[in-house]
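Labels run A, B, C and D following the written order; every chain starts at residue 1.
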Amino acid sequence: MNLPPKTRMLLRHETVLLAVLVAEFLFFGVAGRNFGTPDNLANIVRHSVEIGLLALVMMPVVLAGGIDLSVGSTLGLCAVLFGKLWRDGGLHWEVAAVATLGIGATAGGVNALLITTLRLPPLIVTLGTYSLFRGLAEAITHGTDAFTRFPPTFLFLGTGRIAGIPAQAWIFVSVAVAMWLLVHRTTFGRSWRAIGFAPEGARYAGLPVGRRLAFAHVLAGTVAALAAITYTARFGTAKADAGTGYELAAITAVVLGGTSIFGGIGSVHGTLLGVAAIAVLGNGLSRVPATMSNAGELSGLLTGVLLVLALAGGAVPKWFVDRRSRKDPAPVLP
Amino acid sequence: MLKRHFREFSVLGVLLSVLALLGVFAPDFFAPQPLLSRLTAAAPKLVVACGIAMVMISRQIDISVGSLFAVCSVVCGLLAAAKMPVPLAIASAIAAGAIGGALNGVLVAGLRLPSIVVTLATMVTLREGLRLARQGVFIDLPDGLQWIGLPMIGGQYLVCGIALTVLAAMAAVMRHLAIGRAVYAVGSDAEAARLAGIRPRLITFVVFVLMGALTGLAAVMNVVQSPQVDPNTGRMLELEAIAAAVVGGVAVSGGRGNLGGVLVGFLLLACITPALTYIGVKPYWDKAIQGAVILLAVVADGLRNRKNGR
Amino acid sequence: SRSGPDTGAAPSGGAPAGKRLTIAFMPKSKGNGYFVSCKQGADQAAKDLGAELIFDGPVSPDPAKQNEIIENWITLGVDVIAVACENKDGISTALKRAKDKGIKIVTFDSDAEPATRDFFVNQATPEGIGNALMDEAARLCGGTGEFAIITASLTAQNMIEWQKFIEARRMAKHPGMKMVALRPCDDLKDKAQAEATTLLGAYPHLKLLMNICSPAVPGAAEAVKQAGKAGKVKVIGLGLPNENRRYLKDGTTDTVILWKTVDLGYLTVQAAAALAKGELKAGATSFKGGKLGEFRIVGDNILLGEPFKFTKENIDQFDF
Amino acid sequence: MSCLLQLTSVTKSFGAVRALKGVSFDLRAGEVHALLGENGAGKSTLIKVITGAHQPDEGAIEVRGNRVPSLTPGEAHRLGIACIYQQPALFPDLTVAENIGIRLEALGPFGRVRWGARRKTAEELLRRVGAEIDPDAEVRSLSMPEQQLVEIACALGAGARIVVMDEPTASLTREEQQRLFGVVQGLRADGVGIIYISHRLEEIFALADRVTVLRDGESVGTRGVRNAEGSDPDRSGPTLTENELIQLMVGREVASIDPPPSTRPGATMLSVRRLGCSSMGLRDITLEVGTGEIVGMAGLIGAGRTELARILFGLTPADSGEIELAGKPVTIGSPREAVALGIAYVPEDRRRHGVILEMPIADNMTMAVHERIFPGTWLRPMAERSLAERQISDLGVKASGPDAIGGSLSGGNQQKVSLARWLATGPRLLILDEPTQGVDVGAKSEIHKIIRRLADEGMAVLLISSDLPEVLGMADRIAVMRGGTITAFFPGGSDARTVMAAALGQAVGAGTGAKEGAPC
């Protein structure tokens, strides 16, 4: 009961989001064609795994007061290199996959190195690597080379089902659980939060600020590589444009999930709800007869509205209270 | 001076080296007329970058500028195509920008929502709304609008002149007027600003409105360069503007940066892609080199950070 | 509307009579003038047929998103899918899955793997387009000279194919022509204009700009015009008549190659409906496309006709 | 004598916390009115109401007889109210001159900034408060006391009729303190009304004409004080003695005498030889601290004491010299390594470095002992809570509980949280930088007892303090720093004047092993 106000606010935000999600399910369940079928639910999961994975690892980075614009490009670079290793390097796909995870970790490591040792702002660094990684993917393939005809055992990862559930969903759930534990049950999460609130204060408290930030970025790179693998397996093709724009989708899910872009505040379950709310919205709109021909535009548009509403949900009542108690005179220039 | 503006000078150093290299390997790069044309084409981006710099100095961000840019372009185009007098169409486009900015401003300053969320929302909403409304169909413009009826060279000088005027005016306001310093104060510490008698929320609102109006102006500067409006225009504009600002030394955490740096950052980023064409580098190296240059431009600053143990 | 609990398994074969046919129609991306005009024809055909048309696609060219939409259509329970494929290999998994569920597949504009679809409404083969562009370029330049290509993005599949055939044709037939640069314009007119300006400055001997994405044609033309090189540097490309009318008329742009996109949309939907109703079967050699009349079928390609060259002389006959 | 300011029955609550419960207060022209009370009594809240930073829930404010219905900071500025906040409210990214300028100039939005004039004003004001600060320096590069001097300069320059000072001397050394007193007396002579908050009672007796004591958000009375000048004829109520004052504040007796120095130090814990850091202006520092010993450090602002502490804690790298800990040479590259070596550092800037204001105090208190209380990195909420609860009761932190957010605590209580964090590490060497700044007399004596007890248990303590009586009373040995190096050592309990003289670089006769420090 004696919750600190920030936590209470957060709880409220996640509750709002959960309510939105339930409302979406109810609405589309009624108005949407074949929305609630197991096949469609599997589709929703399948289609949100990559962005979901990126959002899960974007979240700690943002929690620690940073941002990673390069995850989508890392995905692209890893997809291409995975294809290269498998097709031109002659590796087994399993081996290539493990190597790809290493490549992703290295990409994250480059961000980490620049951010922690040179103390450059994460926005600039990852803006640079956003271009750099995508550019390397294009340079390696000249933009045109595509890797296809992967073995069925590999494609199973992206298209098959295990126990009736899409194969990649198992990967996603494992990562989600691991991230939840990491953020909410270990000192890693605690340190990220502290760094997000006050990086100097965290350093004075003896926390290994650089290492924690580096870990978040390496984690982001590694999981982006994992997402590259599920993406390639689902799609059957690896090309330099894989994952274009996914960083923005991931950030959208993270902030919709209630993580503060200034760091310190946020939760993994909120992020998951954010991912789900966006995915269900997009899928549902393509099933309602009135909107199915404009689902692409409308889901973008409504995501925007949802973003504002979910955050304003708490802000509007507060504004009225403030208004009444503060009795500010009408605004004039200072 | 050098100490306080180390970033700006180090980026300037990189820019000058790039230009020197070009002078040696591709002197054609500096041929006056193509150079003027390229600068004219890039001028609207400079105006947006100036606005973004101001927004970032106030410790906010606006990623909806690309979408707003498209909306303003379409507004200007549609009104002009509907035979509205040119000055009125232009004024309407700028007003549309200001209104869009005011919407962001109300949500950020009024409801105290984080600007990244608000402008992310307006970014997708405006873009998708525009797509729904226009379906990507080009708008044909009447004759008087291109170069505002001037001969082309005149128009080019006008567009570049407007961009430089905006830059100079913004630089002067941000440096020498109380309201500009208030923006720095709010970005540095909003609570301290409040205690000093500044109204941070009002300043934030004004900043967003101004950002919107500048976006509208930039849209007009772009529209007048061709006889058609492409409603998909402005995609990724926000990223280019933010990149110019941050490379030029504007701090994401607010309160720091100046417009001279923005100009340097803008020029550096704006000259890379054409430079590659001039040197004849294959296009699939574009993005990698662009990224590398961004990182390179700030590395000197980073090494200095490291040395100072900050 | 028709909704049932068990729709993962969609109706197989033709839709039973009495039910409205659901045709799903996917462009490579929305908000693109080219596909907007295709949609005009598609809408008309759906109206003529009394069928339900779903028009959806990625908001920017994104092969993964195309996949997702097709998978959604499978569970939605559409009868037939018509798709313009952004990426041949990438879309095949989804199309295969749709086929397994008994959904008929027609491709248009750009084909998928032949095994994954029933028919391709062929407006022009990549080879045909490549040859036409290259031949036209060589003709305008008198067989020798430098030219540059402006494309949408380096990764766009169909443009990669066109470039391949352009290059093959150049080697085979026009060795005097020299391709000096290839620049992407992100499918934006303004960016194409800027790229063209740069190209004109960087390659003073440039004789021709070849634009293989539709916004690039007017963009490049405007750049050439502003550089005062109209007539000296030729402009050709794949584009829409309306976007290029003024440049064709004032002589900046020489030739725009395209097919009747409205007809392409119309024919595609007609073919899709016929396929779903079982009226169009493999092995057919001709097909009656509604009000447009008979079309020839070669193998599994329904031929729309030859690509069309829009020039100063004929441009006023078209409005799309 | 005119009444400048009159507050009637002001109340203010923060959620469930009732910070002010109907306080009345008045200020006359030409008086120094001290505001006293324990940490969290509501002093800062009261003055924030006066400056318009907080809107009171109820109650009336009158300025020079006129009722002010709603007071904003801008309005307060116009009414001639200036304030030195307890937590400096400066702009870290702007220069000192600009910080002062923004606070002083009432420019319209399109008013033109006169940089030259600004700089001159700043120079002039800084000179008047006796601060050697470059007006072009960025505030973020200033040390805590330097920031406080800038705040004072702002208040001085405002030409205000009402000046509020919330613990202006908390981290000032005696030298600056004396100069501030001069400033305050000058203002009083000009008929300015001054509200003065401090936990240092000797200042109250030196300066104040009247004193109002707050306890738990209520005023327990306003009394006259017989101050050093004793010149004010219009004094109301009976005068006070120090003990009576403490009684009023705390409601009980407090041992005002510092605990006696312990007998003798044990083995050497910390040994520093010829340590230097040129970028920070430190050179040639040689110092030893034994187990069980408290070494006090005195010196003026900018003498380099904090910088020495930062080096010992791995925050700034040294570029010459050696450090030995318990006889072993060590290099300390980061705070983390320092913690691992058993060094703890309670920083002077608690807002930026001491407490993470947005986090619960329990999290703050365990932040330096993650590895010990969360083995295997798994959080153990029960263990954390019980540790925090113990610390809260040990140090008498006034907070709603372990979950209270750091920023909701009063300044002094935040300081206790910062202290608690480092005591929890059970260090071998404890470096305290202004450990009792802003802490009330009662708690201060508690903290002194704790420090002494820890020393007796074998901890080596380096006590940096600008509170000279604290250094004199607590330390077994006193080191004086000047111009970036240690210039003299004195035995504990030395005479205040000799130590001051050494800090000022005047007489060095009494020093043992003293070296003359060149002024920097």
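FYI, contacts are C-beta pairs under 8 Å (C-beta built on N, C-alpha and C of every residue); 3 or more make two chains touch, one makes a residue touch a chain.
Since the model is a prediction, treat every value here as computed from it, not as a measurement.
J.: Could you tell me which pair, B-D or B-C, is linked by more C-beta pairs in contact?
T.: B-C
J.: How many angstrom between the C-alpha centroids of subunit C and subunit B?
T.: 34
J.: CA centre of subunit A versus CA centre of subunit D: separation in Å?
T.: Once rounded, the distance between the two centres reads 44 Å.
J.: Subunit A to subunit C: how many Å between their CA centres?
T.: Each chain's C-alpha centroid was found; their separation is 34 Å.
J.: If a residue has to touch 2 or more other chains to count, which residues of subunit D qualify?
T.: 72, 74, 108-109
J.: Can you list the subunit C residues in contact with two or more other chains?
T.: If we look for residues of subunit C contacting two or more partner chains, we find 30, 59-60, 154.
J.: Would you pick out the residues of subunit A that each touch at least 2 other chains?
T.: If we look for residues of subunit A contacting two or more partner chains, we find 138, 142-143, 294, 296-297, 300, 333-334.
J.: Among the chains present, which pairs are found to touch?
T.: A-B, A-C, A-D, B-C, B-D
J.: Under the definition above, what is the set of subunit C residues touching subunit B in their complex?
T.: On the subunit C side, the touching residues are 30-33, 36, 59-60, 154, 180-184, 186-190, 193-195, 197-202, 204, 215, 218-219, 222-223, 226-227, 242-243, 246.
J.: Please output the residues of subunit D touching subunit B within their complex, sorted ascending.
T.: Touch residues, subunit D against subunit B: 51, 53, 72-74, 76-77, 83, 85, 89-94, 98, 102-103, 105-113, 115, 138, 279, 316-317.
J.: Which stretch or stretches of subunit C touch subunit A in the complex?
T.: Interface residues on the subunit C side: 1-8, 30, 53-60, 62-64, 67-69, 71-72, 74-77, 87, 89-90, 92-93, 97, 153-155, 157, 160.
J.: List the residues on subunit B that touch subunit A in their complex, please.
T.: Checking each residue of subunit B against subunit A gives 107, 110-114, 116-118, 120-125, 127-129, 131-132, 178-179, 182, 197-199, 202-203, 239, 242-243, 246-247, 251-253, 282-292, 294-295, 298-299, 301-303, 305-306, 310.
J.: Tell me, which parts of subunit B touch subunit D in their complex?
T.: Contact set of subunit B toward subunit D: 4, 175-179, 181-182, 184-185, 187-189, 191-199, 251, 254-256, 308-309.
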